[in-house]
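Accompanying notes for the structure given below.
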Amino acid sequence: MPGPASQPKVRVVTFRVDDQDLSAREDETLIEVCREHRIPIPSLCYLEGLSAWGGCRLCMVEIVGQPRLAAACSTRVVEGMEVHTDTERLRRYRRTLVELLFAERAHVCSVCVSNGHCELQTLAQRCGVDHMRMPRRAVSYPVDSSHEMFRVDHDRCILCTRCVRVCDEIEGAHTWDVMGRGSDCRVITDMAQPWAESETCTSCGKCVQVCPTGALVKQGTSVGEMVKDQHFLPILARRRHPR
Amino acid sequence: MSLHRPKPPLPSDDTRWKLVNATMRRNGYADHALIETLHSVQDAFGFLDETALRFVAASLDVPLSKVFGVATFYHLFRLKPKGRHTCVVCTGTACYIKGAGVLVDALRAHHQVEPGETTADGALSVLTARCVGACGLAPAAVVDGEVVGKLAPEALLERLDQLEHAKTAPAPPPRARAPA
Amino acid sequence: MHLDDLAEQAATIRARDAETEHEIRVCMAASCQSSGSGQVLDALRAGVEPQTQSCRVKGVGCMGLCSAGPLVAVAAPGDTLNASRLYRDVAPTDAPAILDNLGNPEPIERLHCPTDQPFFTAQHRIVLEHSGRIDPDSLDDAIAVGGYSALVRALTELTPAEVLREVTSSGLRGRGGGGYPTGLKWSTVAKMPGGQKYVVCNADEGDPGAFMDRAVLESDPHRVIEGMAIAGYAVGASKGYVYVRAEYPLAVERLTNAIRKAKRAGFLGSQIADTQFGFEIELRLGAGAFVCGEETALMASIQGLRGQPRPRPPYPAEAGLWGCPTLINNVETFANIAPIVREGGDWFAALGTEGSKGTKVFALAGTIVNTGLIEVPMGTRLAHIIEVIGGGIPGGGRVKAVQTGGPSGGCIPRAHLDTPVDYDSLKGLGTIMGSGGMIVMDERSSMVDVARYFMEFCMTESCGKCVPCRTGTQQMHALLERIAAAEAGRAELALLEELCEVVQATSLCGLGQTAPNPVLSTLRYFRDEYESRLVD
Amino acid sequence: MSATPKLKVATAWLDGCSGCHMSLLDMDQRLIELSERIDIVYSPLVDAKVLPERVDVGILEGSISNADDLALARRFRAHCRVLVSLGDCAVNGNVPAMRNHFPLEQVLARAYRENVTLQPQLPERGVPALRQRVVPIHGEVTVDVFVPGCPPSAEAIWQVLVALLEGRDPDPSAFTRFGA
């Protein structure tokens, strides 16, 4: 018999996105509103149900009157704002960012278990990236197949930290984190030991499901067989952190 | 909800653990004392090994991966023991313009060691630093904690040779082992 | 404690000091210490023992002319640096000669470093007013020259709003690089609803070639503490952190010492100057990460996390340390506060230019005769700083370019040396004021190589969080290596420029957004150096 | 139709599996339509053994992995007005470039010594020398059109050729992607 919850006063604001008049609660971010209204804004680190990270920079948009671009995932809507999400300049930046990601590690789509179901691959096609102008960085990382159910292939990791956040914020285990700095960053389990030896991993597999690429996958999958299922995330997020 | 959080026992009876513990106690075993505590481990033991990282993680109740993430993010933290002597070549702008690169090359050629590494015999660790603030003495290096400036490569090599021959600097104490 | 009590205490100390005829000041800042000033101090002390009353030997902070260290000044107590007799390149064996010469009207010729040369006379010292005069480890010395009088005055005679008004009217802008109006920043934090607030001093001076903050901390630490406490009073914060580079052990030691002494004397702690205001300062050490100079990364580091920036807003003034309103200023900014409160905001605003008030401390380094620390009014022409104060290029060579702002800045070519140094003029030239590093380069320096050097810096210091900075700096560095080695063609130069634009526009924090600056500025002024290396 | 001169097309496969050429043949009856509008003047699929002086469209499959690949890519660039990178190997190195993770000596040892039971030896005669690193075509010569895919579908290749025939800029991303 719950009484009326004392709602903090949240205003509703109106604004314009790509010539479309919209309204939303002022505590919502641009990307939330755009996704709700099916205005496509690319992102590889944002995922509904996880905290915003602001790392991939693909969701940058133009706000009229602001000299700098804004990341839609970490910008709240403001009364009267006018947003452009798909200008020629933004398209060019996004293409370059996707190219940079492809060139950073050995993303070889043809032999990836996520081929055909990979967010990076799909985004490349959508952005019109048909080649990389810069050479691929000459590094490679070992594949950790020690876990009986899952596998991590760092060559396919884009450091979006979705796995880190889902493990910390939803599962509560905080098995994953990031080690190192710059391009040498790597996602790690516990003390960067083989996944199977992790003392904190509950083998829940959420990290695998939220991974946008073929970096975290199920064992026993072959090329193109790894299909991710993320429908659980908004549901669990609401249960864990009721608004 | 407050769950009981037991403090882990000290990894060994090495008294240096007490210094580490004191840092954590002074900060109320709060998770934000992590970097301070890692500094104190490194001051006491010279580097951060797995035993220490696990002890700190358990004491401050910080996830292992987070501790490892922090320890590897900051360039000052070392996960391997240092050599008997260290030579930090300053590669700040002023030193760079005045030939820090030549110093690094000389060390590479003469001691077969890359910056960030220790010679095979454990005698010398070579590091680079982004400006030690002695721009007036460029190019400068810090040899066993002492800043030496206006260096020609020959002078630096000679100075390092003297260190090894003199053997005056005490070797760092051996790393404490946890009781089996 | 009343202002009168403090003034009386200062007078007593000065009177006691004045009983000594000569004061021998030995620079004990890091650079002179590296040249052996510690042994000089010991030798002088050993020699002076029998004479006691007539002569006092003390270690002091930076006197500025680092390239001539160890520096020793012979003065009457209370004398300014310029009024003293200065000796350069002093060795411990020179101690007897210096002591023997105390009464002589003529200085020792072979050691003498005249203080009537432009390096000293053309400066205007506010931040460094006591640097090189007082013993940084002595609270008495600080009090004797008026230390903490601004704090006590603020607490006992001014309301927080009045302090804010002085800081705002002074026109002081942040000295850490961005140049954000300090008064505005303070007011924002002050306006946030009560509860826990923090004051943070950013002493993570990471620009290679910059050592202003280090010198202030090593020479006059109480001044920074005083500035922070005044800030705490003005914005309603009771706790402060100094985030200082671990690479500066001497600064850490002196600051620790100063905080302890200030606390014991009641300038920190609860009920300061018998008022209800309390303020504590805690030191936090960095661990070698340039990006921690960025304010959100710095706060993450204080909280024991990886020093990775987060998107702003919320700004630290609204939600900073542990989500509380937090004021972050750099060392030099805090060092300006006590004089502003003491002399008034209008006094400060009368110095400098229209948009940039007061003075600025610069670290002069590179290919220049006088390497060291200088303080000049905003608006001083670059040529004046380099040719007159800095003494020009050794051997009379020509300046090719001056680099300001470190890895976030750019190179100013010789043709623009007539520019006045202020925030807006430098911005117009495609560089920034930055924290005050000023590297002079002569004709031998390759601008492509300079750009490559700074890009390597940004690449290794990138935290790895955002894609453009993490991978973009790495690709730009690879392109610069190829251009420097004459392996790249026109298409690669075009790609470099494209990457500059993308990294600048899309990076998460200031480190990434400004990382292309050294490339863009050298391309702007020295494009021919790039093009002459292209192969096609 | 026959009034307009036919487009001269040359194709070659470098370091690849020839799958992209198979995909080209997968066009089925459209090949007949194509044959009325283009002439294949040089290709592993036809008998002509000399690359004509002037070619309208050159299509390269595979990456540049050895000395012969490089020579052929350069010849194509010199002779072709429009150069097309066909397939992932040509566009980004794909599988052949996976050997870049290892030094060339290790790659050769693995292929010709460690995994060979009968008379293990490095081939020296009659084979082109492998280059240290595998690069996509545009790593060495300028490329005009990139058609990713492993292999690109017959439809994608058709669309690209039709666009070139009609003098339009092809938009391969509308029909194909990396790994497709």
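Chains here go by letter, A, B, C and D, matching the order in which they are written, and residues are numbered from 1 within each.
Please note the rule applied: a residue touches a chain if its C-beta (ideal position, glycine included) is under 8 Å from a C-beta of that chain, and two chains touch if they have at least 3 such contacts.
Because the structure is a prediction, the values reported are computed rather than measured.
Distance between Cα centroids is largest for the pairing of chain B with D. Interface comparison, B-C versus A-C: the higher number of contacting C-beta pairs is recorded for B-C. We define each chain's centre as the mean of its Cα atoms; on that basis chain B and chain C are separated by 26 Å.
Separation between the centroids of chain A and chain C, computed from CA atoms only, is 40 Å. Rounded to whole angstrom units, the spacing between the C-alpha centres of chain C and chain D is 59.
Computed centre separation for the pair chain B/chain D is 52 angstrom, with centres defined by C-alpha atoms.
Looking at chain D, one finds that none of its residues touch two or more other chains. Multi-chain contact residues of chain C, defined as those touching 2 or more other chains: 289, 306, 461, 463, 491. For chain B, residues touching at least two other chains, in rising order: 66, 69, 73, 75. Inter-chain contacts, as defined above, occur between A-B, A-C, A-D, B-C. Residues 102, 106-112, 115-116, 118, 121-122, 124-133, 135-136, 138, 140 of chain A are the ones that touch chain D when the two sit in their complex. The touching residues of chain A, when paired with chain C in their complex, are 52-58, 60, 68-69, 71, 74-76, 92-93, 96-97, 100-101, 103-104, 133-135, 137, 158-159, 178, 180-185. By the touch rule above, chain B contacts chain A in their complex via residues 50, 53-54, 63-69, 72-73, 75. Only residues 30-36, 38-39, 62, 66, 69-70, 73-77, 91-94, 96-98, 129-138, 140, 146-149 of chain B touch chain C when the two sit together in their complex. Residues 168, 174-181, 188-192, 199-200 of chain A are the ones that touch chain B when the two sit in their complex.
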